[in-house]
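Down below are the structures I want you to see.
Consider the two complexes below, in which chain A is the common component and chain B and chain C are the respective partners.
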Partner chain A sequence: MKIAIASGKGGTGKTTLATNLASYLSEEKQIILADLDVEEPNSGLFIRAEKIFQEDRYKMIPGWVENDCTYCGICQEVCNFNAIINLGTHILVYPELCHSCYACSELCPTAALPMQKQKMGVLKHYKKGNIDFVESRLDIGQEQAVPRIAQTLDYINSISDNKEIILLDSPPGTSCPVIEATKDADKVILVTEPTPFGLHDLGLAVETMQKMNKDFTVVLNRFGVGNADVEDYCKKNNIRIIAMIPDSRQVAELYSRGELVYDKVDSFKQSLDSIKHYILGK
Partner chain B sequence: MKIAFTAKGSKWNSKIDPRFGRTEYLLVYDTESEEFKSYNNSDIENETHGAGPKTAKLIFDIGADVLITGNGPGENAAIALEKAGVEIFTGAENMKIKEALEAFDNKQLKIFKR
Partner chain C sequence: MKEIVVISGKGGTGKTSLSASFAFLSGSEAIIADCDVDAADMHLLMSPDFAHNEDFYSGQMASIDNEVCTSCGLCLEKCRFDAIETDGERYQVKELDCEGCGYCERICPVGAISMKEQKAGQFYISGTRMKNTLVHARLRAGAENSGKLVAKVKKEAKRLAEQENKKYVIADGSPGIGCPVISSLSGADYVVIVTEPTVSGLHDLKRVYELVKKFDIKTSCIINKHDLNPEITNRIMDFIDSESVVHLCNIPYSNTFTDAITRGITVLENGDTEMIKVIKNAWETIKKSINDK
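Take a look at the complex of A and B:
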């Protein structure tokens, strides 16, 4: 079963929830935890485990072979991303705009645009008890998170025997990386906070999940700050809040030291228990 | 010589659009024929990525020798414009097209280098 932990607003507690939940559930179950926030993965700060595998990851981009080119311009016409332009005596390829769709390469009549590997990041696989932790990181200067997320999900499928609980720590927002990170999830947990920003971005995330026909619920973190607008919104729209994690200075202090929280803060553990029941369908 | 301006409208007294890639119009003045043409570039707002290279390609297709603009092109567009041999002048962001042309003639604009 795949559970994506997403948000809308950043900094609402996705990673705190994902890492603590992974650790808590691993007391009984096999867990795969994946950090899909490839632009700044940080689950690894909390899951300190032994690295068992590491591999550079690549994307494919067209490389121009000047001698074979007839400057027909088909490459430029078929590119939806303006990643390749024909200047009559020169073909310019913009690797950071390229989405690796192969159209220019496949449709080039003289095969002057063979696809080539370009490194875009690193995948690391760690193990600790019942947790397999997979971290996916995009290199500095690389702009596209989606292919890295897709590759990481492929890797997870390759190591999974479909019996584990797979937790996907997703990027914030509602754009392509979030769609990629949540599209294969059986359930999506949206973490938010009871503030105007939390409510606003939760609304965007809810709309996104509804468009994707996802089974989603809400976890209200830092309960006690702000106001009741998020609860009212969820009630009005029939959205289930599966846990309300009380705001706590102790949680913030533990988090800031890179420590897990649930084994030290009882109210946090109780919230995790509610989430566990939701995940296991009890 | 063809001089291209990034512009917010299609007229001589339109203002310079300070943006390059997402400029609303390109106005082109041909110093030999003294012809003045405008190209509507507003479809560029539908491009989520690569507006710079796309507008640079339009400049190349128009055959402009000189580009006069406001802030200057971004890195992607600048690479294409350099390859196309277009000379770029910036700093015209608060001018009308005709004022920008005067400023160019009087060498008051900044030469843009990548």
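Take a look at the complex of A and C:
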């Protein structure tokens, strides 16, 4: 079973929830935890485990073969992303604009643009007890998160025997990286906070999840600050809140040091317990 | 005219609250740009009037005319994004997967595929209660955040600033290090990185700073919630010192940020005099250091 942990707004506690939940559930179950926030992956700071595998990750871009090129310009014409320019005496490729659609390469009449690998990031696989932790990080200056997320999910599928609970720590927002991170999830947990920012961004995330026909619920973090508008919104829209985690400076301090929280803060553990019941369908 | 961009790497560090505070302090001297188009929140503190509202189109999506399609399957075979599906007879495009590359349209032997412009969101220009103009946008749920909408927000803010002879553009950036942030940073004169003393905060600060360095922009840093973890605050101070990043201020951990957001106002209007002093000083430092070379 795949559970994605997502949020519209950043900094609402996705990583805190994902890492603590992974650790708590691993007391009874096999867990795969994947950090899909490839731009700023943080889960690894909380799950300190032994690295068992590492691999560079690539994307495919056209490489120009000067001797075979006739400068016909078809490559530039077929590229919808302006990633390839025909200067008449030279072909320029902009790798960061390329979406790896292969159109230029496969439609080139003289096969002068064979696709080649370009490094985009690194995937790492760690193991600790019952937890397999997979992290993928985008190299600095690389723009496209989505292909990295897709590759990470492929890797998880390759190591899974479909019996584990797979937790996906998703990137923030409501655009393409979130879609990619949540599209194969059986359930999505949206983490938010009881403030107008939390409410506004939850609304966007809910819209995205509804569009994708996802089974989703809400965890309200930092409960006690702000106001009751998020609760009212969920009630009105028939969205289930499966846990309310109290606002606590102690949790913030533990988090700041990279420590897990649930074994030290009882109210947090109780919230995890509610979430566990939801996940296991009890 | 100088463009100031506030970014954070990590979400939830107080970036938007501080951007709105600078917007408040600059008043009519600045045009404000909310570049976090994916989860735009700045307007919640500024009471905008949404005076100008237009649809934003970006990118394309394939569409198959089943009347013309001969079910040859070439499109499905060639699509690198698994965006075409079939029940064996009819072929259709999976909207969330289509990247808009147009390859299928070009190779369809019977011309059954056409590319359609995609509505990617809404774009607004508003007057606000702070007597300034806010340029903002709302990305459609699930749309591609390619940085194009961010670029449009910035371009319009700059145009207005030049036209109206404003001193500053203040931009609230987006989190992360990918396309939207790269788009937020390009062309900026000054960057403020808002961080927090947590292992994640420090980690993300270092990553986003590596990106900022590629742009050669004058950079400064605010450490929010500094007393949450004095040890990591010291490590952040050492890091920014070694990189010659201007340290603007430390802000204590408190519920003032949350309270202000809940009331729809900036932290400057929430009556915490110490907080007001610290943020006002930071804004003065920004104004001073942006002008010396």
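Going forward, the second predicted complex is superposed on the first by the 282 of 282 C-alpha atoms of A that agree within 3 Å, B and C clash if a C-alpha of one lies under 4 Å from a C-alpha of the other, contacts with A are read in each partner's own complex, and residues count from 1 in each chain.
In the analysis below, a contact is a pair of C-beta atoms (placed from the backbone, for glycine too) under 8 Å apart; a residue touches a chain by one contact, two chains touch by 3 or more.
Model, not experiment: these values are computed from the prediction.
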Message: For A:Phe81 in the superposed arrangement: first (chain B), second (chain C), both or neither?
response: both
- request: Applying the touch criterion given at the start, work out whether A:Gly129 contacts chain B, chain C, both or neither, answering first, second, both or neither.
  value: neither
Field: Dominant contact partner of chain A by residue count, chain C or chain B
entry: C
- request: State whether A:Leu92 touches chain B only (first), chain C only (second), both chains, or neither.
  value: first
- request: For A:Ile140, decide between first (touching chain B), second (touching chain C), both and neither.
  value: second
Task: Look at A:Ser256 in the shared chain and tell me whether it touches chain B only, chain C only, both, or neither; answer first, second, both or neither.
output: second
Field: Residues of chain A contacting chain B in one complex and chain C in the other
entry: 81
Statement: Touching chain A in the complex, chain B uses residues 47, 49-51, 53-54, 56-57, 60, 76, 79-80, 83-84
- line: chain A residues touching chain C in their complex are 8-12, 15, 37, 39-40, 42, 45-46, 78, 80-81, 99-103, 106-107, 138, 140-145, 171-179, 183, 193, 195-197, 200-201, 204, 207-208, 211-212, 222, 225-227, 249, 252-253, 255-258
- line: Residue set of chain C touching chain A in the complex reads 8-13, 16, 38-39, 41, 44, 60, 78, 80-81, 96, 99-103, 106-107, 115, 139, 141-145, 147, 174-179, 182, 196-201, 203-204, 207-208, 210-211, 214, 225, 228-229, 232, 253, 255, 258-259, 261-262, 264
Message: Show me the residue ranges of chain A that touch chain B in the complex, using the header's touch definition.
response: 76, 81-83, 85-88, 90, 92, 94, 97
